[in-house]
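Common to both upcoming complexes is chain A, partnered first by chain B, then by chain C.
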Partner chain A sequence: MIPFFAQAPNPIIRWEYFIDEWDQIRRALVEHLELTIYAVTIGLVVAAGLSAVALRYRWTVAPINGFTAFLYTIPSVALFGILVPYFGLSRFSAVLPLAAYTLLILVTNIVAGFNSVSPEVKEAANGMGMTPTRRVLHVELPLAMPYIVTGLRIAVVSTVGLVTVAAIIGQGGLGRLIIDGLRRTFWTPMTIGAALSILLALALDGLILIGGRWLTPWAQRGKSAL
Partner chain B sequence: MNEYLQDRSGIRAILAAGVHSRHRAKGKKIGSVAIKLDNVSKQFEGAATPAVTSLSLDIEEGAIVVLIGPSGCGKTTTLRMINRLIEPTAGRIVINGEDVTQRPVAELRREIGYVIQQVGLFPHQTIAGNIATVPKMLGWEKPRITDRIEELAVLVGLEPSLLGRYPDELSGGQQQRVGVARALAADPPVLLMDEPFGAVDPIVRTRLQDELLELQARVGKTIVLVTHDIDEALKIADRIALLNVGGILEQYSSADELLAEPANEFVAKFVGEDRSVKRLQLRTVADLPFHQGPVVAATDGPAAARATMKEYSSEWFGVTSQDVFLGWVHVDDLQDDAPLESLPRSVPAAQVQSESTLRNAMQIIMTSHTSVAVIDDGGRFGGVVTLELIRASLEAEPG
Partner chain C sequence: MTVLAQAPVPRDIGFLAWLLDPDSWTGTDGILASLADTVALCAIVVVVATITMVPLASWLAHTRRGEVSVSWLVTLSRAIPTFAVAGLLVPLSLRSGWGFEPWPIFIALLLLALPPIFLNTYTAIQQVDPGAVDAARAMGYREIDVMFRVELALATSVILAGVRVAAVTVVATEPIRAFLGGDGLGRYVRDGLGQNNDGLVIAGAILIAGLAGLTALSFRLVERFALPDGVRRLATTTTR
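Moving on to the complex of A and B:
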């Protein structure tokens, strides 16, 4: 008898594919990472702006929340499709929707983070003669950081997943391996694409977690407080 | 049976020996006006009545001035107008000759220490980092900041080992000390305190009040403190500003004067029915005139004992040996051939320390078997105190 997996025409994974197609896999992985970083960075910048408006003008909280929630409800395939006629099968057409999807979670967490700063801490900061800019940068931002880091982790993990969908407009990083596998009914690239995107998500999540801990040592120690 | 020494004529004799209070004013040098509130008013938008109405106060340099009054009396609003966390709608506030509105607000606040009830320490900074807040803003050199932090830790009674901790790792009392250290960091001449001891339990509160008084004796800041606790005000204030709803000043005077001569019905009600008893808390046994009482030295012999009992119309006399009070001896136990220190002393002597408050002395006399308490002045006999002497001290002019 010949073992099933050695002889089967289409196993879950064929290890020699790794070696033969390593360049392609690596390119897909890097592209995936780049798309994720671009999308989340743009999302973070826009979310920071929207949060600043929401925190400054309280009445804008509901409309901003509504807008970001609306963006989140648009199916990704549809959103990629809408942008292609305008921006072509470009990276931009992929990054823009991906960034839009991060806004809901990022704005929610940034606003929650700044709202978590207790009034007496702000009062003390003002009373000691901090300028508003200094207060925001030296007091409020650090205190909001645990919330922001949590939001960032969720945004990154979900973006890593969504990037694969961008493969339908020819971007998509590891998603292209998946689509390629599906099209050719050849399981190996699909398995590699799926597995690597999961690993990438876990790795980025872990990195941000560690980075967040490093940024907020006080939040770890305070937990065992009196 | 327990009415030893409860001899009215004896007490009268003590009084006849000349009682007049040498009440000591709180021993603080108070200088020129440091903060001047000149017809200050605050009308909040949308409020029917003003929070503060034409308030004028002269706050002397080096004094602890307490703002007190019922809810809505504008005491916190008044405090917050001094460092411009709230801007007055009318009037002027002058600190050391300068109108506060003429100064850039951040710069002004860095020269005014500010302590609030919830302390408001920065949870993300260590204790040292918290204390360094204002010096950092003022651009001090690192070594100077480090030295100052260590100096302040000692000053407010903080273990140096706590300096590297985060605020959440400290107890409420420790956090409050850090709050005070942080406010004093750049050595501001003025300290504003908004119910600084309101959030800690009564035992810690008493200790923090004592510490504040000790601290003030060393640093001599001009302190404006808001509280709703009249006992706290009486204990720590050089002057008390009692405000009524709407920020109307009802009386501005020393604690003793507030209790002895309340300006009106409102003040009398606010300070409480027991204001005479409260006044006793402002004075110590050392404030009373010295009274020997029917007490003789053992070396004086039996004849002196008989003479003093006659003078005080007392059946008892006290014996001291080398200035230490030994106890009370009854006339029946007196023997002409026995040394005084060998006689039986059948009544335990009630003792008070010379630094005890008169209220405390009264408490001790009331719960003891004698109507006099012996004053322990650092281990030596410091005379006696009776209820009559305590009562008489209230007739003295308020200080």
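Moving on to the complex of A and C:
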């Protein structure tokens, strides 16, 4: 007789889960990627705006820095939680905090990148008769690119990690597999969710690294403001 | 008397009403108990991180070893996926007979606390004025005295800033413990989400954010008052 509490063995991972539940894993992976891309894209646009303001009006550097640092220190559980009453268990409630968390890293690196362009180079560009817009886009931006790419890498990797936390409000891609496995004390989805989110972070990091080298083949490696 | 483990909270209670109700604060799952839970875990994590990383980093910096690892650590410290790490550790912890909690979250939080403390200690000691170190040597200080009485003394404020960053990060991240089979201050957001109780979610979020803010504030106060004037004037932060 089998006692009623007898359980199937619960290994750390069951490989057949990959085949049986591939649809679910793929959905989670795609959702994870989408949340990351939305958050970082919004973060990048906002950070570009804030950086432009900070670079144009020097006195705004401290307040902008303070504001983004403040956003960064808000606990993620609190920020996800506090949006739910207003925006529901929606994708918006997940993306908004994720984007907010990228700002500190992105603004710091973008500002540092543009500050790293030497005045002589700007003078030379002016002397060649470039309009300010053209100078920024064709001279300063490429020279600032290594910093921006480094900032982007850190932002993407930390966002991939934070997306899993969005699972507490029913979003969160691979994080949902973690929570799901935890609720059912079934380790396979949990292990897969956790492992894949780490692998995804490494993969995206490598991708941006390669993309950055391709964009700026002349650049020194590993420049960062942080 | 209630049979439920969680005291049922009225559904449409406002967060302010709940926070101001003394009954929310007392009892085994009251706010004070959860707060003590969270603070205890965070304190242990930060203390362990400090007593391991400060000696290690100061020795490495004193002997000028491990220069390469530093820039790599900056990236790493921003990139540790705490939730995934803790999630991976839960089954391992259960199988080793350590239970659901709090080992997985403890290790995950520790990983989060180590880099800022290591980094600040390392850079601070590395940037100590070589003149001061040479002067101490010329006065006949032994190496151990150079480390403790010159380098560490001059680096104190930057090291404290590193501990503050670690503490704030740990306190801000600890609430995910409530979603990994534990309790602590994150439980109100968890319970509120589970019970579709907006008031409880908002109150829980306020408590978590409040504790993080309070942690930062109290460390800044300690940094200000615990330091002699001379060291305070030297104070510069390397990481926020």
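Quick notes on this structure:
As a working rule, the second predicted complex is superposed on the first by the 211 of 226 C-alpha atoms of A that agree within 3 Å, B and C clash if a C-alpha of one lies under 4 Å from a C-alpha of the other, contacts with A are read in each partner's own complex, and residues count from 1 in each chain.
Methods note: contacts are C-beta pairs under 8 Å (C-beta built on N, C-alpha and C of every residue); 3 or more make two chains touch, one makes a residue touch a chain.
These numbers come from a predicted model, not from an experiment.
By the document's definition of touching, of the two partners only chain C reaches A:Ile105; chain B does not. In the superposition on chain A, A:Gly113 makes contact with neither chain B nor chain C. In the superposition on chain A, A:Gly127 makes contact with chain B only, not with chain C. Judged by the touch definition given at the top, the superposed model places A:Leu143 against chain B, while chain C stays out of reach. Once the two complexes are laid over each other on the shared chain, residue contacts for A:Pro97 go to neither chain B nor chain C. In the superposition on chain A, A:Gly43 makes contact with neither chain B nor chain C. Judged by the touch definition given at the top, the superposed model places A:Trp218 against chain B, while chain C stays out of reach. By the touch criterion stated above, A:Gly173 is placed in contact with neither chain B nor chain C. When chain A is checked against chain B and against chain C, the one touching more of its residues turns out to be C. In the superposed model, A:Ala201 makes contact with chain C only, not with chain B.
Shared contact residues of chain A with chain B and chain C: 222, 224, 226.
The part of chain C that touches chain A in the complex is made up of residues 71, 74-75, 78-85, 87-88, 90-92, 95, 168, 171-173, 175-176, 178-181, 186, 189-190, 192-193, 198, 201-202, 204-206, 208-209, 212-213, 216, 239-240.
Of all residues in chain A, only 118, 120-131, 134, 139, 142-143, 145, 216, 218-219, 221-222, 224-226 touch chain B in the complex they form. Those residues of chain B lying in contact with chain A across their complex are 83, 85, 105-111, 114, 116-126, 133-134, 137, 165-171, 182-183, 192. Residues 10, 12, 69, 73-79, 81-82, 84-85, 89, 105, 153-154, 157-158, 160-162, 164-165, 167-169, 174-175, 178-179, 181-182, 187, 190-191, 193-195, 197-198, 201, 205, 222, 224, 226 of chain A are the ones touching chain C in the complex.
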